[in-house]
């Protein structure tokens, strides 16, 4: 039995996530469900994209990633499932799967228009496709139903993708973008860890000089540092403190690291 | 093995939910546990009633609903288990199960006074029946022990129920009550979805005119709309925004929708 | 298959917990994972120590307690696993396991320096040992691998412990420390429940007289009371209210209860 890994912006307060798991268990009570997170900021596709991309490589092969961050639910945005060499994605075609498309090898995609695999063939909610379409489709995939039963083929190139400006190098400086801020306030850029090798031991960021270190505790408490993050990208962090609050930077901010 | 679906106001911070699951796993480590929510506002029986009623229909038949919102723990309120045609409820007899009693078919109920099925026969905590009584009883039900072993029969009519004023129709208007506000700020009334058919395309709510739509994105971002909710009741929502904050309405508020 | 019980300060927002469970499922998809809590205040070893100690006795024998509150990750603090008569601990050697060492019977401990049982033998993150070392080691223990395969033996006495001043009695008074404040604002002392027998029915705390009761509802709503907590220690609580906010006391505060 394949596992289902869930990521939504539903929060845990209202029971929506429990309802999706109930819909899964109704199809098969033995499918393992693992929560990635349900605290994506409401309708924040960028945060959803990042968390999904960042988590997926650590799950077993053939895991089904059930992602629901869905500001366009009920509109004409497509419902899709994607088969990768490494697993599956089920959710809206709105860019949420962009990160998976970047790091995994896509094999096929379908629009979910075969209502046989939905919770009910009639009376599908216009506002809760997670319960009525995505969870049941994910459960059927987990039990081994083939992707091409779920709907009509869609070209991989035709899937919606979010666009992130790539990082650039220029002589002694590297410019990138903050693509995520985590729970601890660590600022995660889109500059790969290996770029750290090209930077000096202390770099300039705006009017600050910050040391390049291997772990938080290499600087004094509250001090800002640059390190190779566990996600694979350079992070700006504060030892035992919140770098976002200290620096007042946020997702989407462009920043330039200058070797000294 | 039957599943246990859990709903409490314990929050996830202190480990109380984990302790209940530990108590369940001690009886049988293979019982599937599914969280509905643990973020019911402390001691808010109305929110607990709603979330339980709203979630339960999407779970497999014979699921055991373990509900603990329990301001009277340790007082003389009864501990109960109810058997429905569709599943079971285990928890306090304080109205938390009211919604299940409305939508499910009750078959039998018992007061949980057979300490053989508790965690320990002595030294039961006066403040944490979730751990010492409800979780173990739910686990024994999940493994197939019969309800009537758990305690003394209680008449269904004698169970505590919360009372919600029914909605009313009057010529061109429908009056109902907000019975729940979800995480997104959607205001969920107690007016069934089918009543939408009797309302005009735009309805008056106080001094506002709001359109009746089929999904959020039928109105501009931030605009208020009336739609048929995924819960089965009419909802007042704001596209990509928080209707509760915009309208300053809350649970228990009576509202009247007037056709134009 | 042994269960894994998880406690961290990762929060549920970023997907770090999901990643650890993915790493566990990659080793064996059938290991039951139970969350104790992931909302330990960031880097608060005292809260982590308490929640772990308080929860562990309610889990099945041989459960693996995977605890990650780890301000020193990447420094020279040791990674350890401890085998108790009652189960296992896997995590940093920084005092997080102090409470387990107090209540369980330690049999052996190892430093986790055999990279064969890590997620990868190379490129271990300096900031996320939860994913790369602790989760895989816990999963291998769950599948039955022996502790002594995981690394080099460490003397139990050499493990790091947090020190809590013991409570004292003096004639008609008992002095203790608040060791935890829960989600409801209940103040949990380090004075064992049995001491309640030696106190008068009303005790003085500062300039207040508070009744000793058996459950919250023995006092009027909002009133402060002293009761025998479900954790095994005397608690100061407010019926249907938040005692911490009313009394402005917090973790580490010393308090004296005086019989009248």
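Just so it is clear, A, B and C label the chains in written order, and each chain counts residues from 1 on its own.
Here is the rule we go by: a contact is a pair of C-beta atoms (placed from the backbone, for glycine too) under 8 Å apart; a residue touches a chain by one contact, two chains touch by 3 or more.
Note that the structure is a prediction, hence the values are computed from the model and not measured.
> Do subunit B and subunit C, two copies of one chain sequence, contact each other through the same residue numbers, with over half in common, or through different ones?
Different, since under half the interface numbering is common to both chains.
> So what angle, to the nearest 5 degrees, turns subunit A so that its CA atoms land on those of subunit B?
120
> Express in whole angstrom the distance between the two chain centres, defined as the mean CA positions of subunit B and subunit C.
From the centre of subunit B to the centre of subunit C is 31 Å.
> Counting only residues that touch at least two other chains, what does the list for subunit B look like?
12
> Could you please specify the touching residues of subunit B with respect to subunit A in the complex?
1, 3, 5, 7, 12, 32, 34-39, 51, 54-55, 58-60, 63, 182-184, 214-218, 227-230, 240
> Which residues of subunit A touch subunit B in the complex?
Residues 10-19, 21-23, 25-26, 29-30, 33, 42-43, 71-75, 119, 125-128, 131-132.
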